[in-house]
């Protein structure tokens, strides 16, 4: 297998996994928070937040990448601020690829989790409250376990999307081998080369294999968790 | 407003709406079917189907576009077959753009619906069966109404995605003004030229406005439907 | 036999293995919490596929694992009132009620009649989520009744209802039992309900049939008392309406004499059954005078059974019927009660409430 | 007053407007299906925010809409047994039971004791979805008891349980009532349960309080009978254990004489209350002899009330206590029963089952 | 040391070869990041770590120069290219650039090009066709791809019988044949400007000089590029 992929391609595989993993992991807490806010809270600007979350889905990825660049670039206000205060640089780093992937995947994650939250019977949360659990504790001990299948589905979607994200990533952090060249960028690069289809196909297969593996695994976990929760 | 957008841009707006609408509408029945199969049936090849559905999410859109081209193109086996038997042509038509958008949006739709199906209490379906309803009727009279919020969410996601889809669409059906030039292609084109940002931004705003309108509307419908179903 | 059930199934920690046959009428499943009543009902409805078994209703085989037959639930035409109601949350009360009619193959009960009976006329346009517990249960009963079932399954249908409401619904279930050929499997913890409705009683204990047979036999059976609960023990007599009196009493001829009961709404000649609770029967060696109790039946002691407490259960033969009387050991000794002794059974007229009287159709 | 409730709320088609105060002990909400019992419980628990009202428990104000006070549910410390159990599906039975302990501020009941009492020891590791109806309800009761509540709300907690199980749980609730200062609001349709547990009875009808007051008063009140149901009418007497007899009988001194009851598990001197159902009392003008009934109380007719049926409700004064007797009109005429007439009330010893006897703590 | 080069995707094969040669010669490492010229230029605006930029589009280089990001002294037109009309396998058309010939041959089929207003290959192509007086007849029949390689792929797959691409693309794709070469004066000269960033280190500048040298020129010519005469 190592002969089948070049070291550079291995780098791309490893990088894609790393990017997808972190993009998913880091966006989970805000994803759950935002989903909960959209599902259960009533506040001014709720619809605005809802729209904002969906934005990456509606815009062409290239436009999203461009907006990211204009926001988190090293010359851009937020990017400069983050670099100077926290020392975090997104531009042209794998972290930026993760940011782009995370943002592109965010609407999918939020939607899945929100759907799960809306399906939770509020009477169970009420029961927990009568047993003395304050709101955040009700969330942690009742709501969260009950929405776990939805959270897992959200994470799967986000991971898959992060594995496939290309347009925003290449626009935002470019396509630097070993640093920001993810599998999709590599595939794209091959598709740009006449006769590169064979190489592209090879990477597509790798990409599919990796993503399917992750998918199957999480599917398995999700099924288990769902069965465990429903007790059926 | 009509002065603000060129006639060609108006065409793109109209086309995007048409493409997103049809992509969503046509993929709903198979989306529900597949979601139901994945959620409730046990059959060999279930995981394969599951993987297949997720493929467009995992692959870079351009790769999906190539696969579509290799499958539904005029010289491709399925494309030729469809053209000769049913007279359906996808290549370089808006129908192809709808196909691409639909396929790219399919995993999102299926996932949302599947999540909703998994949240339906099977004991209600059992109750319907004891009242004499055969499986398909149970589905139509109990399951489907109960998953309607999920179906709507799936449709919203699909519509939004279809509005934003670019990579697979342009690869598959190119960019033919008035026929396959959707908003994202137009935005992409503007972003390619120096100083095109202003024009791109204008289209981004239109795109956002249109999609947000659709989003808000469906959000409203979904909330109503959900409240109506939960009766809370 | 109208109903023939043979089931074996295993859950972790619980094994069901029951077999019983029942004639037309109401078959009551009786037993403690966790004894397997709902499991049996589910298997009969086709919601549980048992490891092994056979279920036949009115000659139709619903399940026969040996023959590989498993009729799916929707083709069994059972009207099932679940222990926890399963109303459709997306449908109004009226739509819930009418749901079964969509698929009914027989002639369903009259809608207006069922609605009036259950007192849910005001709820028809409501969503089910806001209904009170008893309202939900009534809607669930109505939904099952209106589906033109071939077999009714009711899992503690009246548990959430108040007594006046129960008193309204019970006669309807009796009528259903007597006038239609729809067999009814009824799960209940309430002995008066059982006594009133049951044609057949099946007592379950830890997944097994402990006792099964005609209601009158099982309920008057001194050996069944521990399961029924001493407090609820009582015998079931059959009698015939002899005359309606002006003061609201009905004169009933039983094999051992005459009983006066609060108005029984049946024409002279009608057959009825009367449950007389053991605790309501007083014994006397001499015919008592000047009591407010109107019913005095001459009887012979058939059996005496001492329990752990201070009580003694006395089985009396009055004519063809068996009566049960529960008295204190002290009284038994004082009165010299023993097998073969002649005495009088005194029953207060009002102790036999409408709850305890049921009509028997032909 | 331990409990003070004043609530007004409107649902489409249903208006709640209740006010009642109650001393320590058990306050029973009694009323027909849909009369508003659960709505009151929800408002007390903080799950419903009423249009207007005030709820105070042991001096703590949980709600006061005028003062703009609304204590959120989790700070009210109510142990709520819901009418439809709301077990957590993702937790085992044991985890469900222990859930409240995580947040309990007081000392919860002993876990092992509650588990044993409810007979759910074998279920601890089970998922809740597979439990039988009665098992679920028992777990729900246990969960509420173990949360160290300041107030218990129980909405028909025993409706799904069989009589033997009820008989095991009721004494525990009595103990809770008598030994702890935890007030208990109890919704029930069962008059025996009410008679046994209630300190205060609040009768609801269509969202309004129809009658409220001490249990003995309400239950012996001839005017309350239509709501309670004639069949279940009965008076509550208080007495003191005088002596335990060898043959399993307990001698109880009541103000009007002596009653012999099946073993009451209490030391001499203990105060108890005894519910005597109206249908279990026989009247006689002369002191009867040679009957199996041991309890004969001399009494004077205090009131007579004719119903629609053939029955007559007779209220008797026996010493300080009131008794109710339900007899036929025919007997009443034959015996010449009228206000002020002296007679004897005959009560079968065994008719007063353990269900009908409750201890009163001090 | 490492030199990071941002380069237009269409220069990939040639530049890869050239970089390898230079690495072998000097022992330095070259990291190549390929993407659309516009995306790369924007990234450079945002501080991308590029040291050299090879653009397919002089306009974008002008933008960077105006912003003072590149060292104007290092700017040169490194490469030139020719525009060709390609034909799909089996498509034959003698003298295709004769008036009306191509339009007629296309019938209801498509002429594949890159985006004619946004992507350089498309812009040049449109100019050439207009110069030859063919544009008005052909415009409605053009399928615009998002980049020139996608247009090439459409022809290679036979989806479009003809296309307009660079000579370098045609040379790299064996499946297509060159049906005609556009006269060099039919469109503005096709130039690929190369420049070093202002802060480029000595190694980068060495590479820049080498790329402007004869060894590199040979490699570029090998791939079909023209190498403009340079003032010594």
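Each chain carries a letter (A, B, C, D and E) given by its place in the written order, and its residues are counted from 1.
Following the convention adopted for this analysis, contacts are C-beta pairs under 8 Å (C-beta built on N, C-alpha and C of every residue); 3 or more make two chains touch, one makes a residue touch a chain.
This is a predicted model, so every value here is computed, not measured.
S.K.: Going by the touch criterion stated earlier, list every chain that contacts chain C and also contacts chain D.
M.R.: Touches both chain C and chain D: nothing.
S.K.: Among the chains, which one keeps its Cα centre farthest from the Cα centre of chain A?
M.R.: Result for the farthest chain: C.
S.K.: Using C-alpha centres only, name the chain that sits farthest from chain B.
M.R.: The most distant chain relative to chain B turns out to be D.
S.K.: In whole angstrom, what separates the CA-based centres of chain B and chain E?
M.R.: 35
S.K.: CA centre of chain A versus CA centre of chain D: separation in Å?
M.R.: Taking the average C-alpha coordinate of chain A and of chain D, the gap between them is 57 Å.
S.K.: Rounded to a whole Å, what is the gap between the Cα centroids of chain A and chain B?
M.R.: 20
S.K.: How many angstrom between the C-alpha centroids of chain D and chain B?
M.R.: 60
S.K.: Give the residues of chain A touching no fewer than two other chains, as numbers and ranges.
M.R.: 62, 66, 191, 232
S.K.: Could you check chain D for residues that touch two or more other chains and list them?
M.R.: Touching at least two other chains: 130.
S.K.: Can you list the chain E residues in contact with two or more other chains?
M.R.: 153
S.K.: What are all the chain pairs that meet the touch criterion?
M.R.: Chain pairs that touch: A-B, A-D, A-E, B-C, B-E, C-D.
S.K.: What residues of chain E sit close enough to touch chain A in their complex?
M.R.: Within the complex, chain E touches chain A at residues 4, 6, 9-10, 12-13, 31-35, 39-40, 42-43, 45-49, 147, 149, 152-153, 156, 169, 172-174.
S.K.: Tell me, which parts of chain B touch chain A in their complex?
M.R.: 47, 50-51, 54-63, 66, 107-108, 111-112, 114-116, 118-119, 122, 149-150, 153, 156-157, 160-161, 163-167, 183-185, 187-188, 191, 197, 200, 204, 207-208, 211-212, 215-216, 219, 226, 232
S.K.: Would you pull the chain A residues touching chain E in the complex into a rising list?
M.R.: Touch residues, chain A against chain E: 62, 65-66, 69-70, 73-76, 79, 91-92, 170-171, 173-181, 189, 191-195.
S.K.: In the complex, go through chain D and note every residue touching chain C.
M.R.: 11, 13, 31-34, 37-38, 83-84, 122, 126, 130, 132-135, 138, 155-156, 159-165, 167, 189, 191, 229-232, 245, 247-249, 260, 262-263, 278-280, 282-286, 288, 290-294, 309-311, 325-332, 335, 337, 346, 348-351, 353-355
S.K.: Which stretch or stretches of chain B touch chain C in the complex?
M.R.: 121, 123-124, 126-135, 137-138, 141-142, 145-146, 228-232
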